[in-house]
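Chains here go by letter, A, B and C, matching the order in which they are written, and residues are numbered from 1 within each.
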Amino acid sequence: MDLSLIIMQLFSGIALGAVLVITALGLTIVFGMLGVVNFAHGALFMIGAYAGLYLASLTGSFWWGLLLAPVLVGAFGMLIEFVLVRRLYGRSIDDPLLLTFGLSYILVEGVRIVFGSDGIPFPTPSQLIGVVDLGVGFFPKYRLFVIALVAVVLLLLWLMLEKTRVGLIVRAGARDPQIMRVLGVDIGKVWLAIFGLGVGLAALGGVLAGPMRSVNPEMGTLVLAEAFVVTVIGGLGSIVGAVVAGLMVGICISMVALFAPEMATIVMFALMAAVLLVRPQGLFGLKGRA
Amino acid sequence: MSTALLQAEGIGRRFGGFTALEGISVSFAAGELTSIIGPNGAGKSTFFNILSGTLSPSLGTLRFKGRELNGLPQHRFVHQGISRSYQITNIFPDLSVHENVRVAAQAMHVSYDIWRRRADLVELSERADAALTAVGLIGKRGELAKFLAHGQQRALEIAIALVSEPELLLLDEPTAGMGPEETKDMVALLERLAEKRTVLLVEHKMKMVLGLSQRVLVLHHGRLLADGKPEDIRANAEVRRVYLGQSEGYG
Amino acid sequence: MTVQSTGEAPSLSQSRRLFAVLSDHRVLVSLVALALLPWLLPSKALAVNVLIYGVVVMGYNLLFGYTGLLSFGHAAFFGTGAYLTGIAISRWGLPWFAAVPLAIVASTVLAALIGTISTRTRGIYFSMVTLALAQLVYYLALQASSFTGGENGLRGFTVDRINLLGWQVNFLDPVNKYYVLMAFAALALWVQSRILNSPFGAVIEAIRENEQRARACGYDVERCKLIVFMLSGAISAIGGSMSALHLSIVPLDSLHYQTSGMIVMMVLLGGARSFFGPFIGAATFLILEDVVSLWTPHWQIVVGAIFVVFVLFLPKGIWGTLLDLLPFARERR
């Protein structure tokens, strides 16, 4: 097989993985901080895609959609935390999971009511239509943009976590929630912000994925399973784990798609099973958490 | 003296870069009540967790009745004859007091039988009642464990550990969180238990330990600092130094 | 909570005794209720669905309610039970009494595989891993279309009569169909009740209550979890077989995450950790679906909202909450 084809497919995998990384990061940050796995994460990804599409057609610019959708959906996530999830802290760890699962039902059906059940095409922004010559072959501009944007977002997240006071609180809190009380931090506000951030990242993933996948109310189901696979492989609560596992899964999927397209969706689950057999806590997970 | 019941040789344990325990070699003769004391962070709990199979040692070997225990999963320890209680009350909250102990008794005999009726296993039920009588909880047998008072829950946990008829009973701070009255009851119970079996305690309350035990081990910074009869420990200058200014240790 | 018999009103102790008798004969009580069901519900089709999903959810309850393991992938066993029954009848020409046990065994083997991986993880991980592995089964069935019919589901078999020891029962008649399928449900109820009353039934409850203590008591917790996972999968597979016989098709959605989620919803609505809860939950869900879809095609939004209200305010479900309200039923499930 042609080497340049493999390299191109590798780039595709990175682009696919980049969206997975952003989506799984939202899930893993919320878990690390709140101990909650958001089962509505996939549905909120889908809402993000619809919101991006709607805002883009409203303003006439993809860029407004890309900017506003994560912010607005993130704010909606904060509302969810404040009104619903907050009531369940201190109850069984299953309860927030069940609640957000019920919520995903409502969100998916809500989108069906507003936008209908059929898929909608998400047009690629005009500036990013076409291909670039990478030397080894031609690669879609939009995918290159996705990779670059995710890299920038990761850098910003890293700077926020490492260099700011908020980041300090988040890192300390993820390791030991008790420390928050000692530091005199209003834990409720931090939870609110982190939940909003997690949902905002899901929505960003949704907007970015829009032009690469078709947008439909059911798209969140596969995304939820993908995000779970990535976080389980990387280790729940581990940010490095989400990045490494996300890229790994993305590359794996597109490589397999090259040789055996019918196995592409299946391979990530097999990868997860293999990792679990060797390291039940995931590649970068802490042992006690698994 | 016959061979030791439990023998620890060069036990060490590291957590990442931190050495919690180093070079502990002791043996415990059958029939003794031994206490392990030491300031916070001395490695008592780590040592205790190793003896009960909850943790595996990074170094050293553990022998029970001459048989090596290294690598044995925790659930097999009870079947060897080593049973434990926990520092923080560890019971089955939503089961009845009787069922708490009955299910523990059952572990020694039948785990995977999905067809017989457990109501037919009368002997297990009787054994559970006997253990409840021994700790003074028989009057509460029908209540849900979560509704018991703190001291009663501690006693229930001892009944759970006791019902497997262990040769070695490991008790992690059995009087933790108890008031003076409850502590007195517990001490009386411990004395009765020690009449018939080997007991190993981890304790914080120095006075109580010195009055109760036949032998005391003092751990400090993960090492064995002293080992002897209570009166020797009381007279030991190094132990005094370690405990000086740690008045709460004398409880 | 010390309720000694001393200061009690006689009527209360009488109802307590009656209740004790009823729960000692819970299989019989369930069967009487199920036998009346077709005549109480507006349609026979609805009654058959309650019967089928009641069995599926009951098997699931063994895992979630009694052992405390929240699986989000139980559709894998329901679906495999249905597919294997259909494939055995349509492709291999087996009679129903060979096809059904075969399907149950196959589902149990699948549960052993998924259980081996998922029971190595704990807490939230378990829910995520079961969801992912069940989706793996779904995509495998989608790809293996020559075997499963792929996206269109498994078609091309009809069960129009059932041979009961030489007696040909017309299976197209809804009443006959219901009572034949009820025999499967009776089997499932009996097995479930035996398991719950067995020594192993005590072990899984101990694991739910306190995994660490159960291990310290001498139980091999991981192995027990795997066994209960397999038992749960096997009982849910009975429901899958019933569904295949009933519909004469197996939709691909039987394996989908939506179906797993529906099973979770049903058990929570009815009341996890109770014997009657699963059937009550299945009936509630299906009746809601029936009623709400009369005035809106978007019934899922209503069901989702009701579910959220249950999680927030009635986590014990309808039956569990009812038991808490009745003084004579307290502490007896």
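The working rule: a residue touches a chain if its C-beta (ideal position, glycine included) is under 8 Å from a C-beta of that chain, and two chains touch if they have at least 3 such contacts.
Fair warning: this is a prediction, and the values are worked out from it, not measured in the lab.
Under the touch definition stated at the top, chain A and chain B share these contacting partners: C. The chain occupying the central position, as judged from C-alpha centroids, is C.
Centroid distances built from C-alpha atoms place A farthest away from chain B.
Measuring from the averaged C-alpha position of chain A to that of chain B gives a distance of 47 Å.
Chain centres here are Cα averages; for chain A and chain C they lie 33 Å apart. Rounded to whole angstrom, the centroid-to-centroid distance between chain B and chain C, based on C-alpha atoms, equals 42 Å.
Looking at chain C, one finds that none of its residues touch two or more other chains.
Partner chain B is touched in their complex by these residues of chain C: 1-2, 194-195, 197-203, 205-206, 209-210, 212-221, 223-224, 227, 231, 331. Across the complex, chain A meets chain C through its residues 31, 37, 39, 84, 87-88, 91-95, 97-99, 101-106, 108-110, 112-113, 221-222, 224-225, 228-229, 231-232, 236, 262-263, 265-266, 269-270, 272-273, 276-277, 280, 289-290.
The residues of chain C lying in touch with chain A in their complex are 70, 72, 117-118, 120-125, 127-129, 131-133, 135-136, 139-140, 143, 256-258, 261, 264-265, 268, 298, 300-301, 303-305, 307-308, 311-312, 315.
Remark: chain B residues 52, 54, 73-79, 83-84, 86, 90-95, 99, 102-104, 106-108, 110-119, 121, 142-144, 147, 160, 164 touch chain C in the complex.
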